[in-house]
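Next come the structures, one after another.
Look at the two complexes coming up: chain A is in both, with chain B in one and chain C in the other.
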Partner chain A sequence: MSLFVQQILNGLTLGSVYALVALGLTLVYGILHIPNFSHGALFTVGAYAAYVTAGQLGANYWVALGAAALVTALVAMLSERLVFSRLRDSPPLHDMIAAIGLLLFFEALIQAKFGAEFHRVAAPYPGIWQGLRQATGLVLPIQRALIIAGAVILMVALHLFLTRTVTGSTIVAMAQNREGASLVGIDLTRVSLLTFAISGALAAVAAVLFAPINLVSPGMGNLVILKAFVIIILGGMGSVPGAIAGGMIIGFAESFGAFYISTDLKDIMAFALLVVILSVRPQGLFPAPAR
Partner chain B sequence: MLACEGATLDYGSYRALSGVSVRVERGELVVMLGANGAGKSSLFLAISGLRRLRSGSIRLDGQELAGRKPSDIVAAGLVQCAEGRKLFPGMSVRKNLTLGGYVHRADPKGSEAILERVFGMFPILRDKQHDTAGSLSGGQQQMVAIGRALMGRPKVLLLDEPSLGLAPLVVKQVLEAVQAINREGTTVLLAEQNAFAALKIAHRAYVLENGRIVSEGSPETLLADDRIRKAYIGA
Partner chain C sequence: MSARAAVAAVALAAAIAFPLVSPNDYFTYVMALAFIYAIAAIGLNLILGYTGQLNLAHAGFMAIGAYALGILTVDYGVPFWLAFLASGLVAALAGLGAGLVSLRLKADYFAIFTLCVGIIIWLGIEKWDSLTHGVVGIIGIPAPAPIGPLRFDTTISKYYLVLVFLVLGLFVMDRIVHSILGRAFVAIRNGEGLAESLGIPLMRTKVTAFVLSTAYAGYAGALYAGFVQFIGPQIASETYAFDMIAFILVGGLGTLSGPVLGAIVLTWATQSLQFLQDYRLLVFGPLLILLVMFLPKGIVGTLRAQQARRAGRRATAARAEAAVAGTADKASAHA
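Entry: the complex of A and B
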């Protein structure tokens, strides 16, 4: 029984990280219809920004988390300005090629600067809850609790921002009708930049929360971005609740699959589920409203 | 008030507008007649800054609009209610209307007053204010679209085919609303295929064919012109 509960906790942890990454991806897809493969690089950039501020400069973990979110938001905004905004009138294929190019560019850049080896980001509160762990037989290291709590806080904050604030509504408006948004006087450039900044910050926070239980390396974003795509396809492209539900589904599938089927097959679960769910619901779980 | 001079617009090698000049004076209701594909929507999208002119100028009270961002053009007082409505289908009716006042977000009191005016003009929208815009009927959606444009506090309101696809009774209601908006002091440029109904409420009209203005004048003159009667009214 406790092993079963343990898998639920593991699934929640993984699902939280995936959902945060997928949220940023789905926001950008929703407003710009760009399949932003370079979102995986933002995940990596966030982790390395924290590695530099915490590991090399010796900053506090939370300061490093804030710094990583800021740096990654800036990188995301730069990629919008320098690359994606210039491709606005080109065929969609060009966006995709540019996004993959950016992903490879950032990966190579990070490898050139920091080397291909793995690095560690120290956990902010190592060692506490040891006693609790022995008493209950459950293992919920504090870092995993932080991941889950952090993800929940960010999801609620994002939801309130999108539905309750005027600035948030401009993002939703642009996703639902781009020309309609222009016609009421919403500045699309500003909304694009804002959306990229949010998506970058979410990816960075996910990466920094995840880093202490998973090593940091130049290619760390590649598998994450593939799974994030699976998640937003599952959930419905551009759908915020879909990204959260999809993230949790994939997280649980991986933790239970790894435990009850085989650890070797863990990374295949996401893709197998994609095939199964899409054959039943081709529109995804939460399709965006029709235009 | 709105003056468009020699507006030329290309889509690749296709010339959608060639040297279109249109003037709308303060307080006027001007109708732009034309068949499908004549260039009405292209002209309107260009005026709103959503398409870039190859040459020509568009002035609002003497201020050049060509080349400016759509958001600046709305802030300058030129608001469009576009063909196909372009609502935010997943948002509530009320939120669609509120976002119409986006450029005036620093003055929520003023927007609240206009919202009341819109509800007064289309009472059904008050009842449906919490429904999503996408769930409304075509006529009701058109009312939301007109209301949303009014929330932008237009000096000049562009209406692109507001009667498209609506039942005859609803068409009448929508055109009466347009006339009422104009009588309350908003300058209106209205594109319509429904020529007879539109000419009845217009002060002046232009006829657009293949991207050129081929005729202009008072509704009486145009209605007396046999060629125009045949092409646009069918009688």
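Entry: the complex of A and C
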């Protein structure tokens, strides 16, 4: 029984990381209307920014987290200005290919600067919750608890921002109908910069929270971003609750799959799940209402 | 002889003469590899350029073809050409399965889904040790077996074999895209709703395009396996699919010769970037972005657009001249 609960805790951790990455991706989808393949590179950039500030400059973990979010938000805004805003009138295929180009560039840049080897970001509070362990026999390292708590806080904050503030509503409006939003005076450039900044920051926070339990390397974003794609397809592209639910589904599928089926199949699980679900329901689990 | 046939004849003559003028075997080897990737890219262009669906699993299907040949010849001792024939069919069969599921999805969903299919193929090859030899790969794949007096044990002879397949592949693709089926593909690219309203069976036509394109990938993979004689799981990696997309973009999306031209130009461009080694992608990524920004139609597409503009101008000029002549005639009749 406690093994079962342990898998739930592990699934929750993984799911939180995936959901944060997928949230940024789904927000940007509302602006670009294409899957942003370079989003995985933002995840990696965030992790390396933290590695430099915490590992090499010796800053506090939380300072590194903030710095990583800031740097990654800037990088995301820069990519919007230099690449995506210029391709706004091109066919979607060209945006996708440009996104792939960005992904290759960031990955190569990081590899050239830091090498292909793995790096470590130290956890701020190494150790596990002794009280919990004594009471229930469950192991919950503090870093995993931080991931879950951080994800929940960010999700609630994002939800409040999107639904309760005017600035947040402009993002939602732009995603619903670009022309309509422009007609009522919403500035497309501002909204799309803001959206890219938020998505970059979310990816960076996910990466930095995840880094202490999962080493930092140039290719670290690849599988995570692919899973984030699976998640936003499952949850419906552009849907915020869908991204959270999808993230949890994949997180649980992986932790239970690794435990009850085989660790070899852990990484394949998400993709196989997508294939199975889309074979049965091509519209995804939570189809967006027709516009 | 039309201008198009003349260009094709000159290109073919150049390709035949290449090994004779190339300073060493290595250049011939690189060129043959470019041709093999060109064959795969021709196939990808059918689904991407003509039918308008971004398939990111193309390298995976190429790997399936390569592994089918490798496993059949090395582990089961099947004669080379029999295995070769089978490898394309295996890839096409896998394509049929993947296509039936994935083509129910539209645009972005399709692209992401195929990306996942590619990853599944890659991870599948890596983990299924007993069939694929896992990360070790398959070593000692036999060279293409002799056909009559023709033997394929040197780089130059293999180069000509690949060239024959490239020409064959181009010829077949030319037949396909100029057939009624090819027009159906283009109609789907231009608008699925419109194509369907013309009575084109959407699903069946898209699956046909997908299966044909994966058959190309499979044969290209089998040629690769017979040419390099060693394969590993990384040939299924999505970076190779990205490479092929770049070939098509550079050459020209939805043009017959575009993928071939792109494959040759980019292969030699990356060869000359060889001194950059790991930094190759640092140049390659921005290159892709600049291409879609400033040369979205590719080399062939841009040339063709210029030609069309010139022809259009000539036609307008001729019409204006005729109009002037017409008024002059009328004027003289009045006089």
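In this section, the second predicted complex is superposed on the first by the 284 of 291 C-alpha atoms of A that agree within 3 Å, B and C clash if a C-alpha of one lies under 4 Å from a C-alpha of the other, contacts with A are read in each partner's own complex, and residues count from 1 in each chain.
In this section, a residue touches a chain if its C-beta (ideal position, glycine included) is under 8 Å from a C-beta of that chain, and two chains touch if they have at least 3 such contacts.
Since the model is a prediction, treat every value here as computed from it, not as a measurement.
In the superposition on chain A, contact of A:Val184 is made with chain B only, not with chain C. Residue contacts after overlaying the shared chain place A:Ser217 against neither chain B nor chain C. More residues of chain A are in touch with C than with the other of chain B and chain C.
In the superposed model, A:Ser239 lies in contact with neither chain B nor chain C. Of the two partner chains, chain C is the only one that A:Leu87 touches; chain B does not reach it. Applying the stated contact rule after C-alpha superposition, one finds that A:Gln143 touches neither chain B nor chain C. Shared contact residues of chain A with chain B and chain C: none. Chain A meets chain C in the complex at residues 29, 33-35, 83, 86-87, 90, 92-94, 96-98, 100-109, 111-112, 226, 229-230, 233, 237, 264-265, 267-268, 271-272, 274-275, 278-279, 282, 284.
Those residues of chain B that touch chain A in the complex are listed here as 48-50, 69-71, 74-75, 79-82, 85-91, 95, 99-100, 102-103, 105, 132, 134, 148-149, 151-152. Only residues 166, 169-170, 172-173, 176-177, 179-189, 288-291 of chain A touch chain B when the two sit together in their complex. If you check the complex, the residues on chain C that touch chain A are 48, 52, 54, 101-102, 104-105, 107-109, 111-113, 115-117, 119-120, 123-124, 127, 239, 242, 245, 249, 253, 278-282, 284-289, 292-293, 296.
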